[in-house]
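Pasting in a structure now, in structure tokens, and then I'll have a few things to ask.
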Amino acid sequence: MCRWMAYTGSPLLVEDLLYAPANSLVVQSLHARLGVEPTNGDGFGLGWYDRDGPGLFRSTEPAWNDRNLRELAGHVRSPVVLAHVRASTGTPVQQTNCHPFRHGRWLWMHNGAIAAFRAVKRDLVLAVDPELFPDIEGSTDSELFFHLALTFGLEEDPPAAVARAAGLIEELGRRQGEPFPLQMTVATTDGETLWAFRYSSEGRSRSLFHSADISTLRAQYPDNPVLHRLSDDARLVVSEPLGELQGAWREVPESTCVVVRHGSEELRPFVPTVLEAAG
Amino acid sequence: MCRWMAYTGSPLLVEDLLYAPANSLVVQSLHARLGVEPTNGDGFGLGWYDRDGPGLFRSTEPAWNDRNLRELAGHVRSPVVLAHVRASTGTPVQQTNCHPFRHGRWLWMHNGAIAAFRAVKRDLVLAVDPELFPDIEGSTDSELFFHLALTFGLEEDPPAAVARAAGLIEELGRRQGEPFPLQMTVATTDGETLWAFRYSSEGRSRSLFHSADISTLRAQYPDNPVLHRLSDDARLVVSEPLGELQGAWREVPESTCVVVRHGSEELRPFVPTVLEAAG
Amino acid sequence: MCRWMAYTGSPLLVEDLLYAPANSLVVQSLHARLGVEPTNGDGFGLGWYDRDGPGLFRSTEPAWNDRNLRELAGHVRSPVVLAHVRASTGTPVQQTNCHPFRHGRWLWMHNGAIAAFRAVKRDLVLAVDPELFPDIEGSTDSELFFHLALTFGLEEDPPAAVARAAGLIEELGRRQGEPFPLQMTVATTDGETLWAFRYSSEGRSRSLFHSADISTLRAQYPDNPVLHRLSDDARLVVSEPLGELQGAWREVPESTCVVVRHGSEELRPFVPTVLEAAG
Amino acid sequence: MCRWMAYTGSPLLVEDLLYAPANSLVVQSLHARLGVEPTNGDGFGLGWYDRDGPGLFRSTEPAWNDRNLRELAGHVRSPVVLAHVRASTGTPVQQTNCHPFRHGRWLWMHNGAIAAFRAVKRDLVLAVDPELFPDIEGSTDSELFFHLALTFGLEEDPPAAVARAAGLIEELGRRQGEPFPLQMTVATTDGETLWAFRYSSEGRSRSLFHSADISTLRAQYPDNPVLHRLSDDARLVVSEPLGELQGAWREVPESTCVVVRHGSEELRPFVPTVLEAAG
């Protein structure tokens, strides 16, 4: 599948997130530890925010040997950074299939899959707001999921919109006889708040972790230089821990939405909404 | 827009088609003479037939400096060759947007555009046979046109199917207030027969030419080496003449379908079918 | 050949340089007016300076359809920007052959060619400082020219070092019977001062222009919005004018070195140094 | 490092070599079992012979998701096939660094490395025949090794030429204080005879295997369909076995040259030649 990481906090050099950690996302692109596949070499993407809004750098090359990513990471500083390395589940390796996806100020990335995607794709496409439909550029389940969430009000109430999109995916999948239609860890942000979701129809979701309180960690590890570069309000949500520091990472429970805003995180239950008159 | 060429005849080295002529398609990728744009550098594709069926080589690089295309052209011999150089009209430069497109034994390539594509795309997608829908991999109007033609029976009666697809495109476009919804030169083949179409809603279509009878040409130019490498049944349909040989090329008239089979070509009028209950 | 532009002044959004002007470098990648070739589609490069030193973004795709370049240009602000679009003179289209080239804090880009390059390459390679030799990553004459200039003291006295490198190239070329061994417009910078050169052995050099005084222009065109975004110390050196504004551009004379520093430019004669004991 | 395979025998569809086997080279690109690195995703290459001489298809994408490689493999039949998947040891991922390399009718591919390459590269470059020097297009140790072997007479006496090239590499490396200057498995062919080498200065070489006699295997496994598609004279030399068939693969001993010609293989000792007056 894929691996991703999301950061919010004081502006940080992307390099400190993508290359410095022992098990950084670039390391995970070649040797993921907790993923379904160790190799995530089917393209990557970087999203960040500055005063010009969200920027994107996406490429079909493996992240581990992309020189342009290395350059950018050494020059871009941002308070909100999303990054994703992809292991295709069948759709082509092309830039328009690389995460994060963008709509206005919103970014979205996904690890997992819509099961029986060939069978349900058309009905899902029909459920997308016709005004949004022409914006779909690639062919992934992930981008379609994003546009369903946008259709259901992502920009107003993200958890509710994602719940409705997930509910529709589950309902249409089950109609096709698929017992477990959805696997998802998702991160989405408007550049201010970060919402991260961990859920799967079968209750055995892809791994997801969030960082512990930085000030506590810093007290615990007074000599760790990385922790001193992070501000108190720094928060990370990641597919897998970026290092071995004891106490630094907490597993996000099954069926949970994490809301990160101004250095505080809140964990809420996440349940797909059962739609009454879908399709 | 784009430029393309289609060949049927005795097996020929692709190099003799793509590189040898003075105004070959690879030359046209950099310096097209009759196209809307002189540069067709947004990817290319090569399709050919052998005993294993149709083969495809498509890439996002400009054709003029693609070393792999040069290599293949020096090794592949085939009795049916299609090649296309692309100038994007807005959709992304990615392999899945490169022509020719393939379905089973069929290849398809297109020069032109569906006008107001953003406005009509959803309705056109809905008109595609749901069984075929998941096979659409890219985001071009051209690939969608192909799947509409397949929906309307391309494999049974190509001129009728293309006429119905063109009719639908025109009807949906006009509903959106678009006076000239379709520009097309299209080539499609099952590896036996080649059908080529020249049509546009406004009656000012992109250029298209077919080759004259080779045996006549050979008598006329007894010293021309290229003509001696071509068999009597060799036929070419091209966006623009591959060279300056007087009498070698005949313009395909407006609103015409050219059917090439076993070394003979037939020109028939082509008119989109007005659909009664479309959409 | 190629086209390039170099900017120094107040920090400017790269977009305002690469996309906004009527005849911007991205426009020139598809339709250069004064170049040997209208199309410069064999890769591109962007170099810029910030507090982390010089950054590079180089790619083999044509600049006109590169989405990542568009993104970066909308987010990177810098007081020193170099950009280059390439038309290969034979060497492969690969990232390591894209300009600008970098060494420490120095960037270098070149339009033109070393004539009879195959014949003189080995002797030129031998003249490169053995310590610098392993840093040569690509196969262009341009990168080799840069390493010759570095060998001859580019970091201490740029005009003298470039003159010695040019002198060596001319001497070795003439030994091979090449009457006009060198064509060059070159830009090089340490992030503080910009040196630009226009020279050719035959005295018919590639085009090069520098911008006129901005405050004068602003007085002359009080309603032009672009001029109001530029600071008084802004200076551009370009292969061809970025627009039609009367009086905005001055041709750099043949055999000239332009030195731009803190908003003032100085034009000096440039003559290759005849080496006594070369080779 | 890398993984490679070489085939000689009756013309075979490349697909049967690259995709059909359980541990095919494409599988090894993602999950090598015996390599230094499990992932060989830094480009790949395919070389084959037909009546037009040797053809090459090389690309920087990972082999496992390259659609053009999949297409070609389904259409190219050849009596001599070389294929290579790369894991870069530092040099850039670019087409000119992908194996096999070609010179006239000769192909060459390499797994391993020249140790301390930065330190010895210049002296090795100087040792290349000046006539051959400008043909070096990329920056790898492998391509340079090939040109050294060509310099020392590869086209006349391959084992002697490779021994002299290896001897020079060892001598120059040791002068730089490198105790183990060379790791190599190499395959080279003129399209008639295949020479494969396994050697390393430290006597712990990368893995290499050759296939057992096909007619014996076929008698042993009368129901195996793959064996029935192979002719009696089919021979494979591979970095690692393509499957689990007992008795099908024999390890090539350390310091050995395998010569395969007309369905018979000969194993000879391989020792680098100590040069008297090198450098």
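Each chain gets a letter, A, B, C and D, in the order it is written, and its residues are counted from 1.
The definition used in the following text is that a residue touches a chain if its C-beta (ideal position, glycine included) is under 8 Å from a C-beta of that chain, and two chains touch if they have at least 3 such contacts.
Source: prediction; values computed, not measured.
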{"item": "Homomeric contact chain A-chain C: same or different residue positions, threshold half", "value": "same"}
{"item": "Inter-copy rotation, chain C to chain D, in degrees (Cα atoms; steps of 5)", "value": "180"}
{"item": "Computed distance of Cα centres, chain D from chain A, in Å", "value": "41"}
{"item": "Per-residue overlap in chain B, given as positions that touch at least 2 other chains", "value": "67, 92, 95"}
{"item": "Chain contact topology (line, ring, star, complete or other)", "value": "complete"}
{"item": "Complex contact set, residues of chain C against chain B", "value": "30, 38-39, 41-42, 60-62, 65, 67, 88, 92-93"}
{"item": "Residues of chain B touching chain D in the complex", "value": "13, 50, 52, 55-59, 67-68, 71-72, 74-76, 95"}
{"item": "Contact set on chain B toward chain A in their complex", "value": "92, 94-96, 117-119, 121-122, 125-126, 130, 133-134, 136-139"}
